[in-house]
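Chain lettering (A, B, C and D) follows the sequence in which the chains are written, and residue indices restart at 1 in each chain.
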């Protein structure tokens, strides 16, 4: 047997959703195997099955030719499988060593951990695999790139020969991605097998040996990377030729609708997250904020929307000047809408009904004549119309929001925020976690609003999203706007360099 | 004089300490269990029950521990397994267990209020002869019982477990990032269950100290808010077992002082408020200091970056 | 420790199922005492609904639970845990008693209102500190509020003992003089102790229901309780809501004390409340923190209480049994997955399916016949 | 101490007739007497004083063949409720113990003239109520005299349950007595804050012994159980004076006396009256002459003859009305 992983006829259902259907997946030793597919195609589910986190409803798994029952991560680890998750699974208050050895620490006597030996092992490993970390640093203090190294070390420490990485690149700068790929190649040369999930075709092409494509829980193709191209993969992913981007017409711009001046903001740890940020957005214009996550975008949105009040500087929305003392409500009254980054905790009250969720953005609006009461009848009619317009799938507006799928929930939030005809719209990661079809749909709606004269501030960590929608692009790095460009003037690579802080005086990068 | 004070403080703080260390375990494992008060009460009852029927204080303690564990398992069943809200279940369990002890007291022993009987054998206290002569330390080692000693051992043991052992790491990770724990093969559910069992054991000992350690009787509602004070101690401690010890001793001292203050003819009602006011004031103090600390750190961090 | 309370809706089905389970567990305990559960539950039912006096008794016990429960509901709905209802109730009672005694001479209606307002003000003041601890200092409000209960009880006793003992008392319990005749609440079913305080509570509950459901303020409160971050994102002044619900909750708790004083005890008595505060919180939880749910919860608990007193008298089974049953029910109500585990959901689905299938069949038979 | 006149101001305005269907009507003939009695208390059984009352109750029950029920640990707010229910259920005689219940009895009794009430310690107006009062300060004065003479350390203590009027009389008389027999003797006064917290009682007693008191007059009901425990642990030289019940045998040698109140007799007498059809509502005041006085533990310890003489002399003085002890504890 020359396959190290064989998953045969795997089926996994969650209630009515079939996440994987008769999936056959194999992986050769010493290869980097790419796994690609739209959102919700079932990639993560398949890999979680391989890592023992889910038990498949049907199908069997062979590791190195031997049939195995993977009932928990513990057994998976025993068979030499390691996984780096999409969302980091580290304990922030513990040190790097403690995190790495968490599963199986070296012990002195009884249950007492031999910390010296542990640190020694971690140092050795990090040298052997060229993954530099400070073993005694507290994880909470580390940047994402380093945290990812800790994750990889953790998997290797547990004896992983087969390493699964779920969307490791989504949160990295292009430079960090290069670094990661070097590491992966090195691991491969040392005989490890790697399964890599990514949404980015270019990455697939550059680093993998084989590719498996999932579409709606079904395998639609096994390919050798050398013998294929991006177009073929895309077609297999979606099942047909589809447009992958929206087309954008030029649009006349009007007055300035959103203006921020000299914004400064320190977070609760006293770290300066916004440093003298000034810019403006005109009616009918989409301004994209590009940047790696954690460079101040979240804080910028919080400050503009009034969620965070402890800042310096001014925000002007629709000609009304806001000081830090005016909160969200006043700003919303001036025609501000906001699609939040985090749909689960900020964008929706999951236990509340769709109607209650829908009402949040407009119950104080001018539309209501009555001062103290809510007209639920009217709200209901409007909510139904609005959700239907946005093709949200729902039974009735009384069902709780948690019963919607992620994509539908996202669409319902987008619908709610756009429905009022906002003067200014902040769209943070508007298509996060939704499939290509829905993404295109949301993008088209954004462009419609732009056509109607809304000033849109788009924040996204997906450079392609920024490139395809924005009229102007501002690049944020370390709390500053360090560059302004347009999609026509720059390539993704140029912007990537800016995002990595090329202007950084230390010149760390490159 | 100082000796007796010290002993009084140790004695008063022992049940709170045991309870607080127990609470620390489930708190670190990510479980908010506010049913300690009731758990301790049930344990106190079962301690007396065991001692009464067996004539042995050891069996009494074992019964108390078993009761503590059972109460914890019930909590675990409802919250971990059946998805009950921890806060609600914890709150309600206090009422439940209080009612249950009263019910059993009346149905089994046919008395209400208190169970006092010659048949209830208390935990004997001991004195280490040589050590009592040493001036200050002597105060710590006279007239103690095994439960008080266990209370103080338990803090240091907890400290050791969290700092040094794999179990400690497993508990901490299960509380702070269960996902992380799960993905390296730790059974988070199992660890939480284990933490709750430990909580149950320690609350059981705390209950035994109340009913068999210091007294040899059971009285309805004899925990008198100690379970909640233990919670406060854990909140103060922010995860450090040594701070739990400190805060608990502080409460013990406050309670002892309040007893003494009455000798000066202040109204007993005013003096009875002291321990509770202390808790509130300490809470305020800690929160204010914390906020100022945060502000200071923020300002200094700002200055550094500026 | 995570003390954040997040309001989650409770299904009626779950609640009914929990009541059944709780009674079942109670039956086991009754068996353990050597009695027949059916007989005992029979006594209980009779004690709660069997005669005018038992119905009055049920209503009498439900009344304070309605107020205390409403106080808890208001706080819970805004995401706050007012563990201090008991203490607020005490200070409210003392305030009401004092105004009731020393305000003699005021016109009747004004005097009654003054008593109630004084109680509400006192309860409100008692809720300020926990609110500040939560909102300004970022701490948790539940434990300090609970500690304040002990402070309130002792402080009230101290004040009464020092300043307000009536002349010529002779070994009475610690209590003030009686309030003026005109502020005593009228009885609904004389001579039983259920007073118009019950009616007022009912009105308040209806008002609370409409407030929470149909007003903007109610919407703000609900959303803050369900997901405060979402509420803040939507423009709700979350901290403002928290302070307001806590103070309102304190005021209603104070009113509970006033109604108890004006309706039942006619004076402030040391330790007059047999844990009305705690029971009120339970009633609120039982009713899913919905005003009408609370109404049912409080009536249920009132009935259990009235019934258990009878059971204790006639069968010698300690009334603590009632506490146990109530608490078990609430635990089961909270355990949302319980019915799933016990296969109740499947059973229901199966039954529904069966009904659907059999219905047309039955119709056919009728035709044939 | 002021002897209160039965006040009519406190009596409820209502004199509505009772619900006739419920209360069996019978007064005259002993043959169809309603021989059912209820025992109601705020305290739980297990409280020495209540147990004493209960002993009287059971004695009468057995002797006269009452049908009985007990309501123990009635909670505040439940009192009136309980009495009404008992009346409605047709109980003929209700024994209410301790002053907490007097208000409720006062309200319920007029509504049910056919039901008889007896308050052991407490007072309520009504033709169907026997109220008994204990004017404790005279008896505790004698107890104080005794303690003042028996102390070796010149320091004794009064440990009360809750700081209320009744304990004011108990403590006030005691302090006066100590001062009368031994002006140099210090009296520490402490309150447990609860009648039902033995833990706290033990803690406070231990503190008092620690402060050099060698006699504690404990008047804290169940909390007093803790006092006995600590005295037993500390052994000789740590003495107690018991209350209400003759507790002299509890720790032989260390309980040097008890301030007894024959509640059992009072309850028994009232029930006897009822059973014989001679029940008559009234207020009865009782003091030293009626047996609420010190009982020295002469069976267990040697009491010096001078002390016995001094106690006798004090008793005589009290009976002659020559002393007027304080009915409150004077505070700073």
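Please note the rule applied: contacts are C-beta pairs under 8 Å (C-beta built on N, C-alpha and C of every residue); 3 or more make two chains touch, one makes a residue touch a chain.
Note that the structure is predicted; figures quoted are calculated from it, not measured.
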Checklist entry - Computing the C-alpha centre of each chain, which chain sits at the greatest distance from chain A? => result D
Checklist outcome for this item: When centres are defined as mean Cα positions, the distance from chain A to chain D in whole Å is 76
Next on the checklist: Centroid from C-alpha atoms only, then distance chain A to chain C, rounded to Å. What do you get?
Outcome noted: 46
Item to check | Rounded Å distance between chain C and chain D, as computed from the means of their C-alpha atoms | outcome: 36
Checklist entry - Considering chain B alone, which of its residues make contact with at least two other chains? => result 112, 267, 269, 272
Checklist entry - Which chain C residues touch at least two other chains? => result 8, 154, 161
Checklist entry - Touching two or more other chains, which residues of chain D qualify? => result 162-163, 193
Checklist entry - Tell me, which pairs of chains are in touch? => result A-B, A-C, B-C, B-D, C-D
Checklist entry - What does chain C use to touch chain D in their complex? => result 51, 53, 57, 60-61, 64, 154, 161, 165, 168-175, 178, 181, 190-193, 260, 264-265, 267, 269-274, 276, 309-310, 312-314
Checklist entry - Where on chain D does chain C make contact in their complex? => result 2, 4, 7, 10, 13-14, 16, 19, 22, 38, 69, 71, 75-78, 80-82, 84-86, 88-89, 99-100, 102-103, 111, 121-123, 133-134, 162-166, 169, 193
Item to check | chain A partner contacts - residues on chain C that touch it in the complex | outcome: 6-9, 214-217, 219, 222-223, 226-227, 229-237
Next on the checklist: For a test of understanding, state which residues of chain B touch chain D in their complex under the given definition.
Outcome noted: 1, 4, 8, 12, 111-116, 210, 214-217, 219-222, 224, 259-260, 262-265, 267-269, 272
Next on the checklist: For a test of understanding, state which residues of chain B touch chain C in their complex under the given definition.
Outcome noted: 27, 32, 78-79, 81-89, 91-93, 95-96, 98-103, 106-107, 112, 225, 228, 231-232, 234-235, 267, 269-270, 272-273, 276-277, 279-280, 283-284, 287-288, 291
